[in-house]
Amino acid sequence: MFDFNIKEECGVFGIFNHLDASQMVYLGLYSLQHRGQESAGIAVSNRDRICNFRRMGLVSDIFKPKVIKKLTGSIAIGHVRYSTSGFSIERNAQPFSVFYDKGPIAVSHNGNISNAFKVRQDLEKEGAIFQTMLDSEIIVHLLAKQQGNDLAQNLINSLNQLQGAYSFLVMTEDKLIAARDPWGFRPLCLGKLGGSYVVSSETCAFDLIGAKYLREVEPGELVVISDEGLKSYDINKAEKSQYCIFEHIYFARPDSVVFGKSVQAVRKKLGRELAKEFPADVDIVIPVPDSGNYAAYGYAEQSGIPFEMGFVRNHYVGRTFIKPNQSDRSFAVKVKLNPVKDIIKGKRIVVVDDSIVRATTSKLRVDALREAGAKEVHLRISAPPITNSCFFGIDTPEKNRLIAANNTVEEIQAFLGVDSLGYISIEGLNLAVGDVDKFCLACFTGEYPLPVEEDKDKLHLENTTQIDFDF
Amino acid sequence: MFDFNIKEECGVFGIFNHLDASQMVYLGLYSLQHRGQESAGIAVSNRDRICNFRRMGLVSDIFKPKVIKKLTGSIAIGHVRYSTSGFSIERNAQPFSVFYDKGPIAVSHNGNISNAFKVRQDLEKEGAIFQTMLDSEIIVHLLAKQQGNDLAQNLINSLNQLQGAYSFLVMTEDKLIAARDPWGFRPLCLGKLGGSYVVSSETCAFDLIGAKYLREVEPGELVVISDEGLKSYDINKAEKSQYCIFEHIYFARPDSVVFGKSVQAVRKKLGRELAKEFPADVDIVIPVPDSGNYAAYGYAEQSGIPFEMGFVRNHYVGRTFIKPNQSDRSFAVKVKLNPVKDIIKGKRIVVVDDSIVRATTSKLRVDALREAGAKEVHLRISAPPITNSCFFGIDTPEKNRLIAANNTVEEIQAFLGVDSLGYISIEGLNLAVGDVDKFCLACFTGEYPLPVEEDKDKLHLENTTQIDFDF
Amino acid sequence: MFDFNIKEECGVFGIFNHLDASQMVYLGLYSLQHRGQESAGIAVSNRDRICNFRRMGLVSDIFKPKVIKKLTGSIAIGHVRYSTSGFSIERNAQPFSVFYDKGPIAVSHNGNISNAFKVRQDLEKEGAIFQTMLDSEIIVHLLAKQQGNDLAQNLINSLNQLQGAYSFLVMTEDKLIAARDPWGFRPLCLGKLGGSYVVSSETCAFDLIGAKYLREVEPGELVVISDEGLKSYDINKAEKSQYCIFEHIYFARPDSVVFGKSVQAVRKKLGRELAKEFPADVDIVIPVPDSGNYAAYGYAEQSGIPFEMGFVRNHYVGRTFIKPNQSDRSFAVKVKLNPVKDIIKGKRIVVVDDSIVRATTSKLRVDALREAGAKEVHLRISAPPITNSCFFGIDTPEKNRLIAANNTVEEIQAFLGVDSLGYISIEGLNLAVGDVDKFCLACFTGEYPLPVEEDKDKLHLENTTQIDFDF
Amino acid sequence: MFDFNIKEECGVFGIFNHLDASQMVYLGLYSLQHRGQESAGIAVSNRDRICNFRRMGLVSDIFKPKVIKKLTGSIAIGHVRYSTSGFSIERNAQPFSVFYDKGPIAVSHNGNISNAFKVRQDLEKEGAIFQTMLDSEIIVHLLAKQQGNDLAQNLINSLNQLQGAYSFLVMTEDKLIAARDPWGFRPLCLGKLGGSYVVSSETCAFDLIGAKYLREVEPGELVVISDEGLKSYDINKAEKSQYCIFEHIYFARPDSVVFGKSVQAVRKKLGRELAKEFPADVDIVIPVPDSGNYAAYGYAEQSGIPFEMGFVRNHYVGRTFIKPNQSDRSFAVKVKLNPVKDIIKGKRIVVVDDSIVRATTSKLRVDALREAGAKEVHLRISAPPITNSCFFGIDTPEKNRLIAANNTVEEIQAFLGVDSLGYISIEGLNLAVGDVDKFCLACFTGEYPLPVEEDKDKLHLENTTQIDFDF
């Protein structure tokens, strides 16, 4: 972990003015579950009191009818979270909620504040105490120090002290606020359900509840939703946007519209571009399900090579898995994905996957295909080589663990034991996504749009950290 | 429920002579989880004592490392179960294990004994007491009444009193026995893993542990595996086999080989035959995932119409789901499957599904597609119309709830609101599966291979049933 | 463990014809919780169906309102159990309930059948299968083999094949039957609550629900309670009764009337007799709470020596307790009972306890008193030396672990490090209890009223036992 | 609830320099469990990092071996809590732990800060955010605002802004601090265990771990324990101490030494004084167990009237209890305490109890005695009439619910239906406790030693409170 604050993949959802606000948020989080499976929470305001319920686990396990029934109110925000640190504890589950001078407040945050450590240190020097390791706590501290009575302005003043990626929701007793950083790293969408406003990380959540997609919360925009309707404010504008390319490549659900584009359509085009850049003389094209599905079909269509579902996914994979003592090397991968022997055997195959990080899992999958009798295995990756860590909310490991940071494509091909290996180029990416210069490509290029200095002292601070255990 | 005994969909797995027997069974059950998600159990023999651990829930939730660690021994059998009755209680979880005169014994059963009620009544008249509603308990009672010392012969004598579908495993302190009814309704496969024999409902379980598929346990065969090796006995031979056609159409995992055929290959051929029988002038072919995937791709290949993944499946659907008060009609289906608007909108579509039972879910899916903007919806079903209930182990509802039992295809088409509806024909089935006369097609034809009289008294008896509650 | 069957301390409670039958049983079990804390269960009949709910744990933890709410019916029986074997598993929780030829039946049993092993073996030879290690299962097997239709007579015929201690309740769909062995080892009381009959191990359960105590179910009596009222039958009469003396000395609650006598009054008299037999020149008399309370006060009254509560009991002692690495020897005892230093210091003390089994706990208590500054410690025991194991339902260890079986009183006194040690005599017992010849005194005398041969083969059988694990 | 902050009864325990620090705290909390059964927690420092584990429930349920094993370190503090508000949520469990400018810090607090609302409001105005409703959070905020580097002085400066009752422990990475308010409302004791210092609410915790009692932490004293040993500081001195009289009457364990006196000895003397003030011509004296035990025996000794244990306590009373629909009025009390009929029947009785609050429970107990056949019931109370609420840490209800605040002794006697009623006088209290002017007697006299204004706004604020639910 490079960073003091917890690096998180998250989803947020909020609704204003709905009789079953907490139930709508529950459904929204349900649709956003792919953005985080570690903890989930819903905070609801009945305009007089804010109640908050957070737990480790999946949305459907946490929010039983008796819980939802107690979360009464007409405004609600929710959060799903996957933490990449070892600090998997309930204390760090969101929404984060506190009292401050103006009353109770709750925050759901998706992103990664890059100057969090510095801001936090300054706050502590002024007497602030911290109970979590969440960026949300920093935001609320900044807000609580503002002297005026204009919530929007106070938030803007606070946010202007922060750098990095944030798409977050704030709820007070009678307002719902949505804010997105000036670069727009993470998505945040605005919708309407009858007389209610809804805000979500992705549009797939709107589909489930039947809400209509209005528009994105713009980069650098702060939206205040109250009984007086929706008002838009400028936080700050960046020169150009820095949308996260990985939302399209891997993270978002294929049925969502993200940064104004259909995710599945983008993925299919990625596959088509891959087929143009790296054609192969093979018998079949197979995806690594489910993330590689659309790109693989795009590759098949473009190339005219038959598509086959050569891996079967086990849908009942649990959190813990007992690995047998005496298992072949490819066991770990076969638990989730079993190669279908009578499809694979004797075939020359193109396999399409979304990315290669450490390459260990990729290698096991290739091995499993060989074991199932594949004659040739050609790997096609719908992302360029990942050579740098993300500091803006995607869980990538340290640079020295990224295979492409330390090896050439030829070396990776040799390591994986594939007959050929093709990564899509930045140009291909541009053709598939369109306007690739609006995106942050730092994980491929190392050109970070914001400073991301590692502070040596952070590591020391982390070691003196206070934690709760969970069992 | 027509029947006194619990109608069950189940999976069984066993291993003989393995140092980590219970762990291998755990992995086997993991691969068979699609055959039953309600309860799971493993019984293990250390050649001196049989231990049994059964619980409600998924394999990965039940068998934590500390449990597997306690289940020491070199012979083990396991069971996953989905009960279709309301009697979802731990008492009915399997393996079923008891003491009898010859020592401890455990049984894992997949199938449905059709004369169970009569046999049980006779046993009770002779003084037997029953603690469960399992067919397994009946089998053990019959066995315990045999006087000889030859276990194989005693089992054969017992089984000859039974009619119906069974594929089961018996474990004594030092033997593993596998038996399959004379008609072979349910699959049961034999494999080898190093020096260990393995038996499984499906071959996909062999793939995971790296075992080699040897052959099927034949219809009417009883196999005794002991330190003296494998011995085969005849229970009884039926005139012809009655393989369950639904294993191929829907139930088995696509990466399994069942009744000697690759499941995914059969499904793809079903799609091809469907395309020949019911072509359509449409823009795209989409599956109802995941069960319709292979047939849909077969349809697309045969027809040359582009294949698209028009539904996105939510992988985090929990057991319980809170339905909102104010939801549109198609909500229930969208929780699991969200139509991808930008694929569907304005398109003429063929949707391929595996079967229609009550048609209520199908209707919601069609509605969801319409709502997403489909211009035409043509439904293709890779099974003929289901007009009769199954009495041999597949969970089909009573005849009066089967839409095809009471309506013409035209009426169903009207009910669903589709532009066209095509069910594969028995002839098409024959072309796809091959040798369709070896299969039980009773759910389509009503020609039951065995008598399946409903006994009015059973319903009365059921009402006086004693049950345990589970909370 | 000497014995194949599980040696159990248990409590039973039943009610006939009450609108809230299961709730009344719940309260009854609550009052009988001291008779067993390992598992509890309630079976209830709505005259059409018997439902049974059993779990490991305390009554108040198991029977939440939602459970009781589901257990509807007007007849119910319950059970609390403390098993002395390692077989602490849910499968062995009671009531035991099955179907047999005449319908569903449930049994709650307190006692220990001494020829259980032999009877079970005979049943197995005739084809019976066993799923538990409970005496109750044997009883039901015997019953199921009876051919007639007269339930009372069938039960009598079954019970006449059994030897040993039993006080049990049987429930069919429309009857409640109570039976007590010919010797009357364990108590069983009959009461009335409005129009309902109640049966309980002890009368304290009647007090809680406001029921009126009628009489004991007599030794060798079988009572059938049905819509036709209460009918009494003779099972068999023993020459003389064999009431368990330990019910008075230790096991029963002091506010109960057992075998026709007030338990607390008997205990107080035991203390008085002890004071006569073993006077001491001391400053204070203290009990080992709570079981020694009444005897200690009797001792104090008789001797005129001031009574003090020299130990304070911690009421929050849990099931598991983490013993520290670095603790003084008396730690284990101080967790439950802390000597009150300013009472103990510098005093000559009589301590009254109910019995000495292995003497290890007694020794720690004496040590704790010494450590707290006691000048003299004189131990008085309100039972004679226990020199033999119980085979009729009280959990005493094997003879070789009973300190009094292998040591003289002088040796025990030396081992404990007390200044004097006095056990009440059989004569003293007679004066306190009255008619001591109506009691089984085998644990003191070794004169077992029934044969209790240990069967070597049982141990072998036990090792091949099949068990469920609980975690 | 009069008060914004949660009124709490609590126990605290800490240890410095012990290899098994968390285990020692676990044992200490175990002994202090009577001071709070709602939640418990332990924070431990390994001199580099503070870990904190807090849960709802009993110490023995929360701290399983695997938890204790993870809580490694040589300094630890713990807390048990019984909250009197409806805010029974994990978020409010202690120890409270945060980061501040100087590093991690943890606090365990017993007491009630009477100007908490005002201090908190001031802090919020300056930008502080609050996540709990604990006084501990206020203390840490005050501390975090101190600019110097001297922890002791910073704490003293912080505490001098507070009024009310506090006995608390602070732990930093390398120090254990104990502080007691200038009036000494709550006890706090210092002890030694080998080379380790221990601090505890009561001395009974020292007995269990074998620690030696040194002295009390003095009213107004702050003690810093570090590697440099123990240093004592003055916070502030009050004119005279205000020990809580209820610690002696009811709250503390009888085997503790509190405010320098043996609790059981004080209670016995209270009984003696009661006997002098309110003699009665009766047959027996009985306690309401367990809190009335010592006073009852004092009464019996002084009066020469025989003592009897006329109530039997059920030790297995759970948290929830299902009250039957058709129960007599005294049911609720009989669940915990059953009158022993053959002791009570026909007797004239003195019952000794520690206090009367609302009188409803007392009435039920009297009724239960009448029902059991008592001829006369004379109630003796070892506290004067409670006419005022406590604002310093004891859970007494609002004044209008205190029967003695609104009724004469004669009226209470009539309400209870007793033949006579005697409350000990303040003079009697003085004779029993000694130096009663060192005690806070506000609950009897209404003379509060500190201002306790009820702030109307607090109630409003409470309604806008943000809470977590627990299920």
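Just so it is clear, A, B, C and D label the chains in written order, and each chain counts residues from 1 on its own.
One rule holds for everything that comes next: a residue touches a chain if its C-beta (ideal position, glycine included) is under 8 Å from a C-beta of that chain, and two chains touch if they have at least 3 such contacts.
Just so it is clear, the structure is predicted and the values come from calculations on it, not from any experiment.
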Check: Fitting the CA atoms of chain B to chain C, what rotation angle results, rounded to the nearest 5 degrees?
Finding: 180
Notebook entry, point to check: Can you give the whole-Å distance between the Cα centres of chain A and chain D?
Noted result: 48
Check: Taking each chain's centre as its mean C-alpha position, how far apart are chain A and chain C in Å?
Finding: 60
Notebook entry, point to check: So how far apart, in whole Å, are chain A and chain B when each is placed at the average of its C-alpha atoms?
Noted result: 37
Checklist line | Residues of chain B touching at least two other chains | finding: 64
Check: Touch graph across the chains, line, ring, star, complete or other?
Finding: ring
Checklist line | Interchain contacts (touch definition) - all pairs | finding: A-B, A-D, B-C, C-D
Note to self: Touching residues of chain A toward chain D in the complex: what are they?
What the structure shows: 43, 48-54, 64, 66-67, 70-71, 97-101, 103-104, 106, 124-125, 127-131, 137, 140-141, 144-145, 173, 463-469, 471
Notebook entry, point to check: In their shared complex, at which residues does chain B touch chain A?
Noted result: 19-20, 23-24, 26-27, 30-31, 33-34, 37, 58-61, 63-65, 68, 204, 207-210, 253-255, 257, 262, 264-265, 290, 293-294, 297, 301, 306-309, 312-322, 324-328, 331, 334-335, 338-343
